[in-house]
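Contents: one structure, followed by commentary.
Note that the chains take the letters A, B and C in the order they are written out, and that residue 1 is the start of every chain.
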Amino acid sequence: MDIDDILREVDPTSSGVPNETSDLQSLTRLWVAERSAPELLEWPSGGLFERINDRIKAQIEKIEILTGDMDPKTNFALIVIQTELERYKFLVRSYLRARIAKIDKHTLHYLSSEELRSRLSETELAYATRHQALLHNHYLSSFLSSFPTQLQNLNDTAGNVSMIDSPDLDAAVFIRMLRDRPVTGQGTDADITLNASNGEVLILRWSSAKSIVEDGDAELV
Amino acid sequence: MYGEQGIKLVQHAKRTLNLSHLPPYQTETVRAVTREVRDLDKDVTELLEPFQGSFNPSADQAVACTLLVNHLSMRRNKRCLLAYHRTRTDKLEELVWKGADVVDLSGQQVRGDPNAKDTPTSSLSPQEEDYVRQYSDLLAAYKGQWTDIDLTGSLEPPRDLFIDVRVLKDAGEIQTEYGAITLTRNSQFYVRQGDVERLIAQGYLQKLS
Amino acid sequence: MALPLPPGLVPSEVAFLCEMEHVTIVPRQRLESIELLSGATPSLRPPRRENIPLWLALLLKKQRRANILPPPWLHVDSLRDLIHHETVTDPTGWSLPPPPPVRADGRGNARRLNSDATTVLSPPFLPSCTSSAPAGALPYHWFEFAEMLLAHASDDVPSASDVRSLLRDLQEVRAAKMRTSIAGLESGVDGVMSLLGVGAMELSESRGFVTGVVEGVRKLGASAEASRREEEEERGGADDDEPSDDDMGI
């Protein structure tokens, strides 16, 4: 909570500091990125959400124990704990729902290749697969089953028009640099490169920004 | 003319986007568009029959052109039907996320329908009612993985979880998470907003700044 | 739909994010450390200063358990300097954000905080609103931070009414610059544009409009761009003059 803790957190020479602070930063960054990116981003590896879920569970149990203790001092602590818990729950909720909204919008796209499927968490993958099956069944029972067989698919690409809609990867995004480095962006009239410095905010296409963000040299804002 | 019924469905879908409720399912139009697809397919089969599987488009351009138009019309109708149904399932899903179940949704009666007097007509097709049931189950299963988060909770960042209130009228004792509070006139409390929202609405309490 | 919100944070979410900024408080009452999800709070012992997240500071302030120390950039002199910078020194660009944090290592050498760390910190997790933040530089969350402080702790802000009117001036100067930048976009978009020094709320409020303009221009120019790329392909071939991201990475 103290700034010194945060400083120690990023200092590779010290260790043994609890990772609560860096988990909050990671969750916050994931949330902002998912709310801003035109496509679904990768589900974090490294057990972040397992840790967060466990901590939230433990915190809710603690609140139940503290509740009923009418000492005004612990009462205030309870207010602080509950306020923070609500903030945390909001972050996780908004993050998960931003992802589900993207998955719902382009379900077939995200199920169409191994690379794309690997971005989903296990539960998201189960949800997406089942959701698509429900939709397909619904179309079949509403009209599709009385179609000629060759027209019953949902992934036609005839006439160069794919039925699988996909997100617009050239949509404009805002990123903030985390390191100094040159950034190249594709534009209508010209592609240009500029030397961007740590903390600088840039506007460019997601297709140009993606690799820089994935390298950890910039973040979506 | 081919495609006329299809465009009707798309117009319906477009109108639905701006409505808060779901208008009645267009059973007749859906049936007409589906029938049109089958008729077109039959035409294609009949057109191709004399060629016994050895049709050469460049040798018989007139037939090729008819075939192309038929194919495009079928695909267009398919897209219209998909767009119409998808717009409606999107709407239904949105309502399920907001907590509606199939009983709430199918209970929406068709207004101004003279036949609706005794037999209430659902604005959902039977298939849509099934879909709502199944999607509700799917969502419940997904939510079950995140019970502590309350996935269908507010998407507004939390603000003022606890608020100061002044008691305007004696309201007796209320139960809160911290035990009982006795609300006597002109006293002030710092309480969880969710515990007292109703008392504020009823005029017993006033929220301070 | 699972999330009925446009892409990018909306203003209420930006304010929520800003509440994670750390701020310096002077406790008025003792308070033991509290185990939170994001770590333990410091135990409060008046009058020892501590840095805590803004949301917690505002909670303590509301309960009169602490006073908040405004960051140096929110003082009258600093705001005057900033307005002078924005209007006279550099009438086209925005004030620079605070420099990346520097700290001394054990051997007495200052080094950049983020230069070699695996977790790179950024707002709201940088100490840019604490009492040790520099004057004369506007951090990313300047606007909403100042608004919240003035709304809930104006008695802790020296010359609060002057600060309020200076902030309004600053906001107007900067809004005019944002309008100029957007007007520039309409005449054509290069591949990347810098908004060095822009604030979170300024970004959130003009995001929809800016991306709308950029995307409109992109779609109108799509065929011209495609033929330009084809031409460049023919001319360039293997001799690609675009620097590869991998080569340039640090």
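The rule is simple: a residue touches a chain if its C-beta (ideal position, glycine included) is under 8 Å from a C-beta of that chain, and two chains touch if they have at least 3 such contacts.
No experiment lies behind these values; they were computed from the predicted model shown.
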If you average the Cα atoms per chain, which one ends up farthest from chain B?
C
Using CA atoms only, can you tell me which chain is the most central one in this structure?
A
Taking contacts as defined above, which has more of them, B-C or A-C?
A-C
Whole-Å distance, C-alpha centre of chain A to that of chain B, is 25
For chain B paired with chain C, centre-to-centre distance based on mean C-alpha positions, whole Å:
38
Let me have the rounded angstrom distance from the C-alpha centre of chain A over to the C-alpha centre of chain C, please.
21
Which chain A residues touch at least two other chains?
56, 79, 83, 87, 90, 94, 97, 100, 104
Touching two or more other chains in chain B are residues 93, 155, 157-158, 162, 190
Could you check chain C for residues that touch two or more other chains and list them?
1-3, 5, 13, 16, 59, 63
In the complex, chain C residues that touch chain A
1-3, 5, 7-9, 13, 16-17, 19-20, 22, 31-32, 34-42, 50-53, 55-56, 59, 63, 65, 97-98, 100, 103, 106, 113-114, 116-122, 124-125, 127, 130, 140, 188-198, 200, 203, 207, 210-211, 214-215, 217-218, 221-222, 224-225, 228, 242-243, 245, 248-250
Give every residue of chain B touching chain C within the complex, in rising order.
90, 93-94, 97, 155-159, 162, 164, 190
Chain A partner contacts - residues on chain B that touch it in the complex
30, 33-34, 37-38, 41, 71-72, 74-75, 78-79, 81-82, 85-86, 89, 93, 125, 127-128, 130-131, 134-135, 138, 141-142, 145-146, 148-151, 153-155, 157-158, 161-162, 177-179, 190, 192
Interface with chain B, chain A side, in the complex: residues 53, 56-57, 60, 67-68, 70, 75, 78-79, 82-83, 86-87, 89-90, 92-94, 96-97, 100, 104, 123, 126-127, 130-131, 134-135, 138-139, 141-144, 146-148, 151, 154, 156, 158-159, 163
Which bits of chain C are touching chain B when the two form their complex?
1-5, 12-13, 15-16, 59, 62-63
